[in-house]
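Some structures to go through are shown next.
You will see chain A twice below: alongside chain B first, and alongside chain C after that.
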Partner chain A sequence: MILRRLRYEIVSRLVAPALLRITKRRRSQGGTGATSPLGPPLESRHKLKELMSAHYLGGRFADGAVPVAYVTSGFPVELLRPFGYHVVYPENHGALCSARRLVPQLSEVAERAGFSRDLCGYARADLGSLLSGSTPTGRLPRPDLLGCCTNICQTVLYWYRVLADRLGVPLVLIDTPFVYGQAPRAHLDYVAAQLYEAYATAARVAKRRADISDLEVPIRLAAEGTQLWGECLGLSSHRPAPWTCFDGFVHMAPIVAMRGTVACNAYYRMLRDELSDRVARGIGGIEHERHRLLWDNLPIWYQIRELATSLAAAGFNFVCATYTDAWAEPGTTFDPHHPLESLAMAYSHVLLNQDLKNRLRVMTELARRFQVDGAVLHSDRSCKPYSVGQIDLKERLQRDLGIKTLILDADHADPRAFAAAQVESRLAAFMESFR
Partner chain B sequence: MERRGSVMRQDYIDTQRQRHGRKAVAVLPIHYPKEILTAMDLLAVEVWGPPGPARGHAAAQIQPYVCAIVRNALAFLAAGGEQHVDAVLFPHTCDSLQGVASLAADFGALRRPTLQYLHPKGGRRDSTLAFATAELRRLAETLARLTGHALDDAKLSGAIALHLEIHALRRRLLTERRHLPASDVELYRCLRRGEFLWPADHRAELEALSARLTKDAAAVAVPLMVSGYVPEPRTLLEALDRLGARIVADDYAAVGRRVLRQPVVPEADPWRTLATLAFAGPPCPTFGTPLGERLSYLDGLFTASKARGLVIHVVKFCDPELFQVPALQAHFAAKNAPVLVLETELEEQLSGQTQTRLEAFVEMVGNRGVS
Partner chain C sequence: MTAVAAIGVDAGSTAFKLVAIDAAGVILSASIEPAHPKLEAQAERLLALVRARFPEAEAAPLVATGYGRKRIPARAAVTEITCHARGSFFHLKRPHLLIDVGGQDTKAIRVGAEGEVLDFAMNDKCAAGTGRFLEVILARLAVPLAEVALHTAGAEPAVTVSNTCTVFAESEVVSLLAEGAPLEGVLRGLHESLASRVAQLAGRFVDDPRIGLSGGVALNPAMRAALTVAVGRPIEVVPDPQLVGALGAALSALLTKAGNPATR
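Moving on to the complex of A and B:
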């Protein structure tokens, strides 16, 4: 156990960063030399890669060294920090698989086992990875605990039930009833009671003592991290925006997967400073920003670069997104002095757990704050919670704000559901309408 | 309320409203506290579709990758179905229903008042019981605004007693299926009329059918268990009848999964009983029941009914059901029980391909011997 722990710490803290520095040096010696309509790449990306690679590399040696948990992106991970869990986000792993275009092959494994191709692409990638043992990270550790929160969707509950059954480990569930307006007292009490139960279970699995006061530090760090992330996003209200929301999709990994840690906050301080510097120097996320757009729904992970480039070539920059903004919202109500109550409040009021009226409000505020002239709503075939209602949202945005809107059919993870020619022609017609 | 057989159903609802002065509430799937509606003299009219293509402008408000239950229900209600009811109740069963509930409430997709029921997930715990009770009371208060009068505890107890009787009758018909000299078409017609009949009328029909139960069990050539969502299209049942198969165990979300398999003794406080009832039904993926619990429940149903094959009949794009299909398949395959998975889209007719698969399956199960 002690040796395993030592190996885990050495790999996470020393080996991974060193390996990455070598790779970075080799790459920078090679240079890209390509001309691109995108702005100069962010320097912070190297640090991001280092952080996330260390996270995944450390994960290879985590089981047996530290307790391991698989959790959903909306799970109150702060509950696990006091016990030193290594936390794996299957959705984040799904995004990684998707960016590397591995989802079709992983999904086929899941489909052969009987899982429908209509299920969430992240779930299919994850189940395919579990069944085949194949992952771009080398190896995922075996979990001791599963943490599922229904605030992003109910799909995760069905998905995690399958995981719990296959892996034979306890599942803690935080059921967050859907919120119309503001969550009533009974709702918040219910969520707080479950948080308490989850905290106790996490302690038991980690063979540690549960002390609520230990939540103070991670909650303070999570609040600060969320605020820093919000500051990074907010800098795009400048013209030109110093980065694109496609950059944001990639740089949100730490706020999702490392929330409540010192490393996460250090990273966003660095990113914020770099973005502020770009604002001061008038460096944009794209070379010539002529039109500013809002993105709704998950990214099309396997197509990010292509989309960003073709839009940038025509002077279009996505300066804000509901998806990245969602990670800047909940932490604003974190209160280290009222840990469970404030977590219940924050995690109940996440974007996908609130009514469409709220979603329209958020989109309207983003559109105004970031002065967009158009919005693209990604109708995501395998993410129903994000997609139902978009047809009405589109009409309302167009009517209320007078901006141009487009619904783009695709899938966040599975390129087999991406009709390139159709997307291209729809985007071309959309861009044409700005002339 | 229903396109097919709509005249009879609509007439019934209109009569209930006019003659008995009852308001009617359209209810979307699956689980909801019908006892509260009954106690408040509200007629619950469930909307499981209806089958057929979604028609009307509202159909275009929902993407084609959302299940037909949600698309058809919204389209149907918006295209005039809601005229026959006074409100629409949306249980937050799944992501799609949750989305459409918000669409109806926030963006005026429907003209009638819309109500929500947030049933807790994750099984019976102290925290869920407390929340369930609060949510049930909240729903009753919202309904009181519709009826103009508050819910009376004595009436609630009476409604609970009536529904427990209905559960008992439905349970008996399902478990003693082999003793009922009636086709599946006839049995399901009676069971599904509970989706819109006033409960006392439904009880009377169930009693009449139960009176036909015989002492001797008839031999069934092909006894099947069905797990899935809703027995639509009706031609599926006709095909099974024609092929000599019988559904001897039912785990349809619309039917058997909403029948208490163990009697529940009411407590003095009707609210406590209601909260207990919210967790007392058979395992359902939409409650987030652990998979092992569901498998062992289905195992028990399969064995007790002496079924010889399992038909998993799901609606395309239905995440809660689809996630569990592989586990069900693997579990029953390991028991050497034939399994057929049917994925349908709430069509009005069974497709030729599905019919052929069903025929081949029934024949294969039949060849394994008569029970």
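Moving on to the complex of A and C:
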């Protein structure tokens, strides 16, 4: 156990960063494309890569060394921090598989095992990875605990039940009823009671004692982290915006997967400083920013680069996104002095667990704050809860704000549900309509 | 005699269209052919025909639209949305909602007071609600497109075809006929099914005052009738409905000539 722990720490802290420094040196000899319509790449991306690779590389040696948990993106991960869990986010892993275009092959494994192609691509990729043992990370550790929170969708509930069944490990489930307006007292009490139970279970599995006061530090860190992330996003209200939301999709990995840790916050301090510097020097995320857009829904992971480049070439920059913003929102509600109550509040009021009125409010505020001329609403075949209501949202944005809007049919994970020619021609027509 | 001032090519997924217009936008020459996989050669051949008749066409600017637009050597490639709006506005001359039922795409375009695109919606990846839907099923029934009107001219009531999915509708139609349903009624039902799917798309822009229809299906009276019922409003067929995109492309080419940066 002690030896395993040592190996886990060494790999996470020393080996991964060293390996990356070597690959970085090799890459930087290649130079960057001088003709790209995108702005100069962010320096922070090297640190990001280091951080995430250390996370995944460390994960290979985590089981047996530290307790391991698989959790949904909306799970209150702060509950696990006091016990030193190595936390794996199957959705983040799904995004990695999507970006590397591995979802079709993993999905086929899941489909052959009887899972429908209509399920979310993340679930299919993850189950396919579990069944085949194939993952771009080399190896994922075996979990000791599963943590699922229904604040993002109901798919995760069934997905994690399958995981619990196949892996034979305990599943803690946080049920967060859908919120219309503000969550009533009874709702918050109900969620807080579940959080208490989840905390006790996490302690038991980690063979540690549960002490509520231990939550103070991770909650403070999470509050600070989300606030820092919010500051990074907020800098795009400048013209030109110092980065694009496509960059944001990539740089959001730590706030999703490492929330509540010192490393996460250190990273965002560094990113914020770099972005502030770019603002001061007038460096944009794209070379010539002529129009500013808002993006709704998950990114199309396997097309990020292509989309960013073709839009940038025409002078369009996505300066804000509901998806990246969703990770800055809870920052205001975290309260280290009322740990469970404030977690119940924060995790009940996430974007996908609230009504369309709230979605419209968030989108309107983003559109105003970032002074956008248009919005693209990605209708994501995989993510039903995010895509329902978009036709109404589109109409309201158009009517209330007088901005141009487009609904783009695609899938965030599975390129088999992506028609390149159609997407390309819709986007081109949308851009033509700005003249 | 008026001279060719611009050329528009609409390289669509099923049909290839080329028009040559004079400076006032009047069509002087038009061709429609099934789309050939070698688009470039097809364009070259049709252009040669135009140039043989109108030598000045050699110098006329050309704009291409449609899925194959980037493969045609042209001054600019403009999307079919912008081109359809321009072509349709040229004829209807006021703001309207254009419904274009194409081979692979069905579009609803809100056209503004200057022929600009205000908003648009298109069917998703599947063939339901497009011209392809009718084509596939008519082929299965061995009814040539040109003869559909003959079969649906009578008073036979529609037999409901409940599937809008092309694959399912095909087998549904086959079993309906096997059960003894009359061909005429089934054909009418098919049109209603397609019309309801198109109306769903156009329904997003219900408050538009005037509705225009373009695309090959506009020539099919059964389809016009079914769509009028499904949309609940009179529908005006845009003149030369199959050429609206190509005309819009040619009009865009005229704009480039005038030095207007209206294309890309």
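The working rule: the second predicted complex is superposed on the first by the 432 of 435 C-alpha atoms of A that agree within 3 Å, B and C clash if a C-alpha of one lies under 4 Å from a C-alpha of the other, contacts with A are read in each partner's own complex, and residues count from 1 in each chain.
Throughout what follows, a residue touches a chain if its C-beta (ideal position, glycine included) is under 8 Å from a C-beta of that chain, and two chains touch if they have at least 3 such contacts.
Because the structure is predicted, anything quoted here is derived from the model rather than measured.
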| Joint occupancy of chain A by chain B and chain C, clash or fit | fit
| query | When the two structures are overlaid on chain A, which partner does A:98 contact: first (chain B), second (chain C), both, or neither? | reply | neither
| task | Examine A:173 and indicate which partner it touches, taking first as chain B and second as chain C; both and neither are also allowed. | result | first
| Which holds for A:197: it touches chain B only (first), chain C only (second), both, or neither? | first
| query | Of the two partner chains, chain B (first) and chain C (second), which one does A:405 touch, if any: first, second, both, or neither? | reply | second
| On chain A, which partner's contacts cover more residues, chain B's or chain C's? | B
| task | Would you sort A:388 into first (chain B), second (chain C), both or neither based on which partner it touches? | result | first
| query | When the two structures are overlaid on chain A, which partner does A:184 contact: first (chain B), second (chain C), both, or neither? | reply | first
| said: Going by the contact rule set out at the top, does A:119 touch chain B (first), chain C (second), both, or neither? | reply: first
| task | Check the residue A:161 against both partner chains and state whether it touches chain B (first), chain C (second), both, or neither. | result | first
| Once the two structures are placed together by chain A, how many degrees is the angle at chain A between chain B and chain C, based on Cα centres and rounded to a multiple of 10? | 70
| task | Note down the smallest distance between any C-alpha of chain B and any C-alpha of chain C in the overlay, whole angstrom. | result | 5
| field | Set intersection of chain A contacts, chain C complex versus chain B complex | value | 379, 391
| request: Would you tell me which residues of chain A are touching chain C in their complex? | output: 314, 379, 391, 395, 398, 404-405, 407, 409, 417, 419, 421-422, 425-426, 428-429, 431-433, 435
| said: Under the definition above, what is the set of chain B residues touching chain A in their complex? | reply: 60-63, 65-66, 70, 92, 94-96, 98-103, 105-107, 109, 116, 118, 120-122, 125-128, 130-131, 134-135, 138, 285-286, 288-292, 316-317, 319-320, 322-327, 329-330, 341, 343
| field | chain A-facing residues of chain C, complex | value | 67, 78-82, 105, 116-122, 124-125, 204, 261-262, 264
| remark: chain A contacts chain B in the complex at 113-116, 118-120, 123, 150, 153-155, 157-159, 161-162, 164-165, 171, 173, 175, 177-178, 180, 184, 186-187, 189-190, 193-194, 197, 355-357, 360, 379, 381-382, 384-385, 387-392, 396
